[in-house]
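You will see chain A twice below: alongside chain B first, and alongside chain C after that.
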Partner chain A sequence: MSFTTPDMAPATPELFLLAAACAVLVADVYVPQRLRMLTYHLAQFSLVIAAGLCLALLPETPQVTFNGTFVADAMGALLKVFILLATYFAFFYSKIYLRDRGLFKGEYFVLGLFAVLGMMVLVSAGSLLTVYLGLELLSLSLYAMVAMNRTSITASEAAMKYFVLGALASGVLLYGMSMIYGATGTLDLAAIRGHVAGLDGRNMVLILGLVFVIVGIAFKLGAVPFHMWVPDVYEGAPTSVTLFIGSAPKIAAFGMLMRLLVDGLPGLHGDWTGMLIILSVLSMGVGNIIAIAQTNLKRMLAYSTIAHVGFLFLGIIAGSEAGYSASMFYIIVYAFMSMGGFAMIVVLGGAESEADRIVDFKGLNDRNPWYAFLMLILMLSMAGVPPFLGFWAKWSVLREVVASGMTWLAVVAVIFSIIGLFYYLRVIRMMYFEKVEQPAPLSVGADMRIMVSANALAILALGVYPSGLLALCVSALAG
Partner chain B sequence: MQELPFLSLVIWTPILGGVWILLASGARNAPSSRSIALLVSLVTFALSLPLWSQFETGTHAMQFQEKSLWIDAFAIYYHLGVDGISMPLIILTTFTTVLVVLAGWEVIQYKPDQYMAAFLVLEGLMIGAFSALDAMLFYVFWEALLIPMFLIIGVWGGPQRIYATVKFFLYTFFGSVFMLVALIYLYRQAGTFSILAMHDLPIGLHAQVLIFFAFLVAFAVKVPMWPVHTWLPDAHVEAPTGGSVILAAVMLKLGAYGFLRFSLPITPDASHALDWLMIALSLIAIVYIGFVALVQPDMKKLIAYSSIAHMGFATLGFFIAFRIMAAGDLDGAILGVEGGIVQLVSHGFISGALFLCVGVMYDRMHSRMIADYGGVVNRMPVFAAFMMLFALANSGLPGTSGFVGEFMVILSSFKTNFWIAFLAATTLVLGAAYSLWMYKRVIYGSVANEQVAALDDIGMRETFVLGALAAAVLLLGVWPAPLLEVMGATVEHLLAQMTTSKL
Partner chain C sequence: MMIDILFYFFATVLVASGLCVITVRNPVHAALFLVLAFFSMACIWLLLEEEFLAIVLVLVYVGAVMVLFLFVVMMLDINIARLRAGFIRYVWVGVGVAFFIVVQLFFVFSAKQSGLVDAVPPARHGADYSNTEALGRILYTDYVYPFEIAAAVLLVAIVAAIALTMRRRPDTKHQRPSEQVAVRREDRIRIVSMPAEKKQ
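So, the complex of A and B:
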């Protein structure tokens, strides 16, 4: 086997981000504390450049490099751009949150950049090894970010839980990958695809491997019954980290799902569809029902995430190109809705207090009607009420489920979304219908005001005119 | 063709007006939100009048059509248009909104800007739902209008408002999601979301029945029909006066409109096969709910139940048509459907007026209980006269609009089955009983207590609002011909669709 220098060009955004992350790390060491903001600006700058590179190098046809371990295609590029955009917003909200609480450290953004690098590698994975590499880079960075607030007991507990369960999930995933390797003799996803297509009859080792891989994916996405870590981590982590975990990594996890199941194992479509249906129905059911009982908003949003993951699976279950693009649309929309929701917690929180209980939203309409309105948009969008963007996300996956002939599944999904509506309405009811004795006005910086407003109003504006974003997702998966 | 896109104007003027109010409320030296709201609602009403004056009566085709691509990936169009059924309902909406803005003029002191904005946005969304010809566009309007109503009941409502408004939202949302699945299914079959294309789509009976039930859940909740009516008394009682008026006068009509636009033309065979069910539910609403209304101690609840009973007439009129046509009597069937539609418009005026009357008293006494009143006529003679007219109209007195629709439906019912007509006709007794008995207890008698003794008669603003409605009730009562003429061709076309099997 001769070694030739691989074509680096398709991986330019990743290489750039790696260099940038290292540069930010070094720069941060030499920057005095009073200029710490420089780290933040450098990190944001690197994200923007990386996104620009992704767009500039948008491949016409899928390009494979590094001996088949790295794939650059339209889907990957689109996911990366949205991962970078979501991280940009997340870093911004983090800046405000960390600054108010004296947690503003350069490591936070360096770890964040490495997490983003992990996500980008993950969505471009061409082999099982790359999947694992990207996933671990992402996960390890996130574990550290959760533990960032060292004085907080809940944060340490959450980090511990996240680490132990995450490591377990990685182990399970790896075990499944080893079985697939054993059955097919290759790590390359394209080769696995070819091998599975050539099989006649069922290969039990392969199926078993598939089961473990799906368990691993379900763990990472937080699908029932592998969801136990989600509420604890969401609640325990600093809000800025929760916000980050709830947005960009979900997009990356979707990318992993696509690479492994749709690119790698389409031959087993019949097998994984059945498993995903169970995961999907359970997630929608458990997530929506348990969310009703929550009094902590971060926990409630954690359960709502679980329910949303159930919805996300629907498009994959439909098993068509349109279904995949519907799911992709769903996860992107979801990332931005959930980010807006957590950002509202940041907005309401003061320097000392966390506004993460639902009652903290009491009387918000009296305190500041504008933020109440933004939260109204975000909550109703998550519930799937038109004309907000969340409705079109639900609509497009339901449409594909009906198209694939599983109308019953669509009916189940809408029944659970009615249940879901109830707890979203509770937040709105707190804001609008409950009164506080002395409404304390909110003090929010102008930059935060602009970003949160942009986030929520985008949900409204794109809800009224979703055409462009939908078309983007369709075109990313076409051909 | 007309140069101006009147439908878009009528939809977006109030919505943008609502946004304007919200933006202006923070600014200094801004005109008061009440005057902006009145201006916007009057402009909208004026803009809706050409829909009537330029309407061509001889045709069933959609008029004032606008069509442009909205979401190209899924072939969803911004497609608007009105026929003889939806156009009168749009005018009803714009007319009622003006009155609602006036009715909330002084009473609403808590955040009047949000109150007015919510009603204006609601107006635009309701008109959008009436005029949408693309199923997804319809669905978006249909669901979106829940949001302002949810806030109106929840923020400005009575003591139990939170329970009532959450119940309202969940019930209606529950109904509509099944309709969403049905619409997606129809899209798979027809390849388009155009409602008119769905009208011509052949569907097997089994699928039709399922679709019919999905629609039924959505529309029956909205109308509301027994047994999914229980949200309505709660919502009505707790809503502020303006909310009750819009709810009764316009939002309930959306449910009935849904039957006419979706259920009957898209699933005629299933509708025919299940017409017994619909007739039975309508009769239960008319008779049973009529009795329930009789015993209510709360005026608003009484009127809410009477609304359910009256809406039962509308649905009876729509679905009795199958039986009459089976007997070969097309004119009788037309009579029934037209009677149902007249009932919709008339009920919009009468129930809106009655809720306003209760609102007038509530503003002064802060009680809706019949027992707290008595002898109001001694202090408020002008008001008593107005309320007399509306109570009589509610019981179906000839010469008022309440009589026309009920009489047409009963008359057509006689053509098929005496007992259906007999049960339907009990409403004339029951309606008179609950309306007039309430009127007697509240208005007549000696002055009941000191609070009643301290009442002042209605002022200019209230007189104008009630007077406008009184004029409408009488006009439609003695001269319904223009309304019938407008809807004539559309109803004939609808009946043709209902008789054409799609199997």
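So, the complex of A and C:
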């Protein structure tokens, strides 16, 4: 038999990260306990190198290798760079959080690196098989990271819920994929696309498979009515893990959505648009309205995630290249906003306590005006108030929805985001207008101060000049 | 014809044992029914000329995984009564939902547009065809990338299992063999010279 070695060059970042994760795993075993921080530095170093490799190997034209199971294109490369950047921030915040609570373990960062590898596999998947395997690699690592703090009962409960529902969602997704395979006879996304294009009439099995695939994706993204796990997991997981789950994996989930629906099943555009509209409206409604009733900031941000996922779908519903790039812009912006929000909980928390209730932010302006200002930026940006970055994200998806002729959907989205404004403003009111008896100053290290400030100020700065990032997203999808 | 009869026989056993897995009271019986389900599935795979997968299913799942599972079930003292609390309350919801899904799937699959009604079954291979060889040809060539990712998934499972279960308890008592070996007589016994006693 003849066998040609596949071209491995396009997958260099993935290959490097796999080798680096294994190396960090082995190094962690031999590092003495007092130098444990070395594991963290090695993990961060590998992320930086992997991001450098992604940028260096930025493909001009889409490259397919490993017999069609791996696709390297501009969208994948851009998503990967932002996944790596988000993980860099998340690892940094995790280090502070875990160190202060005596939970610092090398395995945390090893599992994190494998999760990143899963995300990278996911966003450059060329076949249903790699989509599924990348998703499992990501999910398994996340389940373990949630359960890492074994003494916490809430964390164990959250991990259990996450695992059971995540496994169910994977099963549903796999069932849908098996039906698509049955209807088309191939796992390759490009071949599925060709097969669907050549189909005359409707194929019921294919559409049934699509339903299950969409349910699986909605589960993973946390869209209503498949959102029940999101608040419990966000609240129960250690804040360091919550901020990780809420950032980079969301970008990867967007990549999965694009690969499966836009790359693989564009022929069924009419069918999946209808399903996404239902998910989108429900997510924006339930997310924004139930968030008002929350007293726990992590739960509130979880419901806000659900609402943001509804917005993310809008650009994809628009169904144009500009719509997809608006959604991509949205998810990248969202990942960094939500990470900043959770990082503020890490900032306020002490060595034992979690500052995850909204009342913990009472009088923050008296305690430390700078952090109150950063939180103000993050909350207003999430609410979509101009001139912050979140406004441009919302504006760009809404513009595309209107351009595609669904003005009513844009109106619904605007109404729900005005309702959503209420709960973000409540946090701001807590910080600025509520007084505490004895304002205790915050004790935060200089490194944390720099990173949180960079995170929030980037949102402010990009809000003033959003065109660069937006143009980047447009060019990534123009290929 | 013979193959059809065999298929329906094994499929019936498979569904029945699958139902038993989740309905029998005794967890050991449930695990044994799962073995039966795996075995019937392996037989169905054999009918589809997938010898390799059938044998792997029996060897790995029936032979190794389920035996381990049985050990765990026997060692854990599972309080079934507590697990079953609320079972009756939810069972009707579950049965109702399952019934509707089955009816809907039936309509989809039996529809003319499903493409399944007049689907052509795949051609049967001759006796000299080796399914194992066919899998071996593509597993490390066409599917090498998914194969390696699957390896990474297994590695994550190992790391996660160890990270979640291994803990060092500071209060456990354990031996230090090196010190035991290096021990000298002087460390353990003390020779006390005493004056001899006179016989009474």
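Heads up, the rule we're going with is that the second predicted complex is superposed on the first by the 477 of 479 C-alpha atoms of A that agree within 3 Å, B and C clash if a C-alpha of one lies under 4 Å from a C-alpha of the other, contacts with A are read in each partner's own complex, and residues count from 1 in each chain.
As a working rule, a contact is a pair of C-beta atoms (placed from the backbone, for glycine too) under 8 Å apart; a residue touches a chain by one contact, two chains touch by 3 or more.
This is a predicted model, so every value here is computed, not measured.
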Task: When chain B and chain C are modelled together on chain A, clash or fit - done: fit
Open item on the list: Output check: A:T69 vs chain B and chain C. Expected answer is one of first, second, both, neither. What do you get?
Closed with: second
- [ ] Go through the superposed model and pick first if A:G134 touches only chain B, second if only chain C, both, or neither.
- [x] second
TODO: Scan A:A403 for contacts with chain B and chain C and give back first, second, both or neither.
DONE: first
- [ ] Pick one for A:P387: touches chain B only (first), chain C only (second), both, or neither.
- [x] first
- [ ] Determine, under the contact definition given at the top, whether A:P369 touches first (chain B), second (chain C), both, or neither.
- [x] first
Open item on the list: Tell me the contact category for A:Y143 with respect to chain B and chain C: first, second, both or neither.
Closed with: second
Open item on the list: Between chain B and chain C, once the two complexes are placed on the common chain, what is the minimum CA to CA distance in Å?
Closed with: 38
Task: Partner chain C, residues of chain A touching it in the complex - done: 1, 3, 6, 11, 18, 22, 25, 66-67, 69-70, 105, 107, 110-111, 114, 117, 121, 127, 129-130, 133-134, 136-137, 140-141, 143-144, 147-148, 150, 183, 201-205, 208
Task: Interface residues, chain C side, partner chain A - complex - done: 105, 108-109, 111, 113-116, 137, 141-146, 148-150, 152-153, 155-157, 159-160, 162-164, 167
- [ ] Could you please specify the touching residues of chain A with respect to chain B in the complex?
- [x] 365, 369, 376, 380, 385-387, 391, 395-396, 398-399, 402-403, 407, 410-411, 414-415, 417-418, 421-422, 425, 428-429, 432-433, 465-467, 470-471, 474
TODO: Please give the residue numbers of chain B that touch chain A in the complex, ascending.
DONE: 22, 70-74, 111, 114, 136, 139-140, 143-144, 146-147, 150-151, 154-155, 161-162, 165-166, 169-170, 173-174, 177-178, 180-181, 184-185, 187-188
